[in-house]
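I've put the structures underneath this note.
You will see chain A twice below: alongside chain B first, and alongside chain C after that.
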Partner chain A sequence: MAPKQRNTAAVAASAPSAPVTTVPIPTTTSTATTAAIKSSSSKQAASNTQAWDKVFNNITTHYLKTTPQRTKLLDAFMAFLVVVGALQFLYCVLAGNYPFNAFLSGFSATVGQFVLTASLRIQTTEANKKDFPAVSPERAFADYVVCSLILHFFCVNFIN
Partner chain B sequence: MMRSPLLSFFAFLFAALCVSAVSTTGNRVLAILDDVAEKAIYSKFLGDLEGRGFQLTFETPKSESLALFKLGERVYDHVIFFPTKTKGLGPNLTPNILVQFLNANGNILQTLSSGVSTPNSLVSFLSEVGIELPVDRTGLVVDHFSYDTSSAADSHDVLLLPPPAPIRSDIKNLFSAGAAKDQVLAFPRGVGAVLGSSENLTPILRAPRTAYSYNPKEQSEVVDDLFAAGQQLSLVSAFQALNSARLVLLGSAELLQDKWFDADVTKPDGTTHKTFNREFAKRLSAWAFQELGVLRVNWIEHRLNEVGGSNETNPGIYRIKNDVKYTISLSEYAYDKWSAFSVPKNDVLQLEFSMLSPFHRLPLKFDESHSSPEASAYSVSFKLPDQHGIFNFKVNYKRPLLSNMEEKNTVSVRHMAHDEWPRSFVISGAWPWIAGIGATVTGWIAFCALWMYSAPPADYKKESKKTQ
Partner chain C sequence: MSAEPIQALVDVGKGKTTRGVLRVIILALIAGASIASRLFSVIRFESIIHEFDPWFNFRATKYLVANGFYNFWDWFDDRTWHPLGRVTGGTLYPGLMVTSGAIYHALRTLTIPVDIRNVCVLLAPGFSGLTAIAAYLLTNEMTVHNSAGLLAAIFMGIAPGYISRSVAGSYDNEAIAIFLLVFTFYLWIKALKQGSMLWGALCALFYGYMVASWGGYAFITCLLPLHAFVLICMGRYSTRLYVSYTTWYALGTLASMQIPFVGFLPVKTSEHMPALGIFGFLQLLAFLDYVRSAIPSRQFQTFLWLFAGGTFAIGLAGLVVATSAGIIAPWSGRFYSLWDTGYAKIHIPIIASVSEHQPTAWPAFFFDLNMLVYLFPVGVYLCFQKLHDEHVFIIVYAVFGSYFAGVMVRLMLTLTPVVCIAGAIAVSSLLDTYLDARSPKPEEQVAESSEKKAPKSGLKSTDKPLVGIYGLWSKSAVVAAMGVYLLLFVMHCTWVTSNAYSSPSVVLASRMPDGSQHIIDDYREAYQWLRQNTKEDAKVMSWWDYGYQIGGMADRPTLVDNNTWNNTHIATVGKAMSSREEVSYPIMRQHEVDYVLVVFGGLLGYSGDDINKFLWMVRIAEGIWPDEVSERAFFTPRGEYKVDAEATETMKNSLMYKMSYYNFNNLFPPGQAIDRMRQARLPEVGPTLSTMEEAFTSENWIIRIYKVKDLDNLGRDHISAAAFDRGLKKKRAPKKKGPRVLRVD
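And now, the complex of A and B:
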């Protein structure tokens, strides 16, 4: 995950202007913006939001352009799991944790599924290929299915 | 003519009935007197005892054949000590033997008299159980406000007392119930005792507030140093050992004499009263000899009190949080029969459910469905505590003037088996989390289907082929 994140951050920062991949350019743009802030304080807020909008737009367009279909699918599923997990935790905070085993198994099913999905994402991402020379995407998916089934079996048993 | 044999037959039946009435612990009574001929002055009292089925044996302390034990067994069930002039009672009635006699469930009725100094042996024995007598082993209780003017106009030493009421409101009225309002108890020339703090001691009759005890020999002129006065003085005292053996100390032996039974006495205010002595003597000896205030546990039952649960009586094991019902059946003896025991008004019979210390202490309620005229049942239903271990159902009922009762029934309490917990789907609070698992699993299945049907990009395929 880590090397990939670093990659996208660098790409996103360099994306707005010319396709230059060197580091100094973002720093020059940032000095330019600070200079602009100094020159006119009234335009400060507007230019700031504009800059952030730009950053987000660039990130999304870059993500949509460069991410493979299956990775997008993975991300969507992980976002879904985050929502489901957050709802369960919120319910536990608001309504109390009785019966606790039900909370544990419900919440850990979601968290565990998230972890397994994240692992699948790491193993199938193009950029990480050299880290897992022996693991083909098919093999990774098979591992994922087996592990998920074991997890579901455990959780359903534990919730009684 | 025809009637007389029939009548005598009925009289015989009645006599037989009377004789059959007997104490719960035995009917052999030993009476110790200075002189066996002395028994004539107690003839009514002793006759009453024989009428209730006791077999009396008379001995003097000097007698060679006198022994309370033979081959390690009690020879007598009860002993009455009438006042004796001898200083010691000899080797057969040492304090040690008397204590052994109590330990062996024997009962003792001991009487004192101010005219006769109490033998050393009995003084030591009484101090053993916590009863203190006047130092010089003699004393005289007088009351200048309530005495019999006809017999003790000058000495004021025949006390007239109301029949003894219970000392506490939660104790049964054993001694004065049924007494006529104007009846008084004559207490002639008696000795008062002071009771220690032992919880086994109960004063049956306390001296009135205006009474005091002094030594008539040394203090005949000036009474300065009193042994005790007022309600400190216990005229009739009871001691009940933990094994329910009883000792009664009666301060005035003369109270039992024929001349005071149903006699007429006159109070200082001039009113004439009948004495209550005969009935009191009967009740006192009945209490001492285990005919009154004796409790019996008929049966104890505890069982699961749950719908669909096992119907086993007194099971050895329960589960935590089981609903359980405990029932105990009690009877009380009175002279000749067992009858239902009713807990006194202000008292409560309690059940403890304990492991080391009680987890529950619950009042037992009268249970009419299991009661009869001969036995009354008391029961309570409760939920076992959330604690597994070895527990006792314990009824510990020790009250003054009632025989001691301590009943323990041991049971194991196990924890929940893993399949005895409620299922999560039964608990509505768990539904969101069940839904969480459901969402995760269905989301995962949908994800897997999409994953397998989504075609990987062309270059990705190429690269994977290359590596393979």
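And now, the complex of A and C:
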């Protein structure tokens, strides 16, 4: 739990003027989940809509300001994986899980790829450098490739 | 053995390379010692597969070697569980067989002519050497002292708790599973420390291997999430934890699902749900962590934590709902018996009837672990002192391992590694403190501050300069005492291994009056008789304990075996054994039984015979047919289980009793027949058998085989036919009663 760069600029940017909200955000998946959670706890959201707005703005500005282009690419890939996974899950719920092997391996492939990508993203982020003294970005990418190969080997083997 | 390495290291090993070389040599010696101490049974008896389950594994391995991997994978075995058969390829853990098959083929490729039996016999000792090395690696992750690792290696190598399942010939899943367990833990710690995906993936691969080898993999499946959960609760969430855990879970779960026997279990049963829950929880935490780095607001942070808790609760509620709705299977019986030791006895007699599923008696801990029992808490305490992530792991493992080992004898195996590691940490920190020859002179001691002493000693108490033991005399006394304890430990381990764990139980050894060894080989005698004197497909009925041996040694189809997948089928056999002949005969005819095999220890005083197991047969049969078989009817009015003249009528008429004591009194003068096992004088007139005839009785009467008679040629029932043969006059049946029919109860 290394203290992350507490971005004071972000606080400054949270001034009412912030025009960022209109930007189509390549949201990380988890923003989507919090959004869902937010809507679920409606009474809190109702009471401090203002605060939520501010918080949301803060997050997006921080994200847009501090994330390098390559990491954004990773995020886009992760968002794509979430969409694919959600579609598969939806299909499973609506149309039944008949080829359960196929569903499981497809779904695990997306979930596995998602967490691997998330790990790669974590390891390559500058802020986390001191958490991983032994892992250089190149090493992280090599690990990522190896793990993905293993993952897909298992998936293909399992899909029947 | 275990004291010298440290001595040597202190004296000689000053240079780094010397130390490295020494360490490798010592490790090799330790591996050699752990292999050698497991060879008692081979030296004393011969290279033979032991006990019950190993015979099945051996048979499966032979099938694998003979028919290739794909046939093995799709193996449907019609020679067990007659008439049901067993989908063997899909209902076993193939890791063990594939491992020995691979070794066999590798050695063949190297043109070393080796017999598959010898590969199987020596597999467990070989892997125990690897386990010792894995214990060394794991312990080295815990402490900076290499001596702790070496000590852990030797403890692991010779601790009886592990030897009990890994002597030569004990060709069981645990033989390789414990190595995989320790090594998986090592990789997990490594992954967690470095936060590396590669180590996480390796951990997942070895986890997959473990799943392929032993049902005990659930221990890892529960322990790693628990460790992660404890770390999170301690506020130690880190990105390293995220990387290592999610990599392990995503790959490991997929790997475990490749095994047909496990299949969809990881997403369907409750045992695997903690891992999934922590996986989801970590995703949430990672996101919160990211958001927290973006937003400085403290209030918002508490909000998020609330959400995290809420989501966790929702997930738990969802799990409960899904379980009760039947989407996720509830905990299986074996797991219930882990929480409530009385559960199995009441609900699932088949589980309770296995002696290794009984709760552990306390002397067993001392017997299996000796002095490590009291070093273990010290090691755990030392872990509390440092308390890095990896020490938390040892603590969590210690708590859970102790609990499970207390519940089930068999799970002593999973406790042993952590006991060895904790014990080694304790001993090494003690020796490091006391073997430090340098000591400041008493005058300087006051003057000099702690900086000279502190870095050398591991214990906190020696940080202060005034506290500490510097006298050469006291040091040597403690070291000598420790050395004696270690020697005693080695002696105890050797003694236990030699006396308790090295018996093949297929071959029994006894002492002649002059002290020479006498081998009792009734089992193999009887199985060889079956192999040579019966038809290839003659069905043999016996209690399930002997199913694997009959399949492996006699190569004859059996009704039930140690796989125990079908309780009803076993209960059927139990009913046939515990009922009267008139009831049993139709059952045996329906199952096409040709021979019945019973184990009888009355002549020799052999305790593991069928009369002693008889009550379990009755109980299991009673579980399915409560109104036809009743356990109470086998006890005398005073509640005793008797086989002599006082035995109940139900007991005396049961097939098992008749088969055990048939013709037994002919061995003795009239009225003198004595069951040496139960010290009971048998009634003068022995039981009569009419539906079957004695086919074979081994030298010491341990195994008795009966042939089931065919239907009578003249259409009589067997009772009257046998009575006619004995020369008894046929009783005139009163006319009004109509024709006699075979009684089917």
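The rule is short, and it goes like this: the second predicted complex is superposed on the first by the 102 of 160 C-alpha atoms of A that agree within 3 Å, B and C clash if a C-alpha of one lies under 4 Å from a C-alpha of the other, contacts with A are read in each partner's own complex, and residues count from 1 in each chain.
Assume a residue touches a chain if its C-beta (ideal position, glycine included) is under 8 Å from a C-beta of that chain, and two chains touch if they have at least 3 such contacts.
Computed from a predicted model, the values in this text were never measured in an experiment.
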First (chain B), second (chain C), both or neither touched by A:C147: second
Per-residue touch tally on chain A - higher for chain B or for chain C: C
Touching partner for A:C155 - first (chain B), second (chain C), both, neither: both
Partner chain in contact with A:Y98 - chain B first, chain C second, else both or neither: first
First, second, both or neither for A:P68, with chain B first and chain C second: first
First, second, both or neither for A:V84, with chain B first and chain C second: first
Common interface positions of chain A, toward chain B and toward chain C: 105, 155
Parts of chain A lying in touch with chain C, wherever the complex brings them together: 1-2, 4-8, 10-11, 28, 30-31, 33-34, 37, 41, 44, 51, 55, 58-59, 62-63, 66, 100, 104-105, 108, 111-112, 115-116, 118-120, 122-123, 127-128, 131-132, 134-135, 139-140, 142-144, 146-147, 150-151, 154-155, 157-158
Chain B partner contacts - residues on chain A that touch it in the complex: 68-70, 73, 77, 80-81, 84-85, 87-88, 91, 95-96, 98-99, 101-103, 105-107, 109-110, 113, 117, 126, 129, 133, 136-137, 141, 145, 148, 152, 155-156, 159-160
Chain A contact footprint on chain B (complex, rising order): 421, 423-424, 427, 429-430, 432-437, 439-441, 443-444, 447-448, 450-452, 454-457, 460, 463-464, 467-468
Sites on chain C touched by chain A in the complex: 194-198, 200-201, 204-205, 235-240, 242-243, 246-247, 249-251, 253-255, 257-258, 264, 267, 283-284, 286-287, 289-297, 300, 303, 307, 310-311
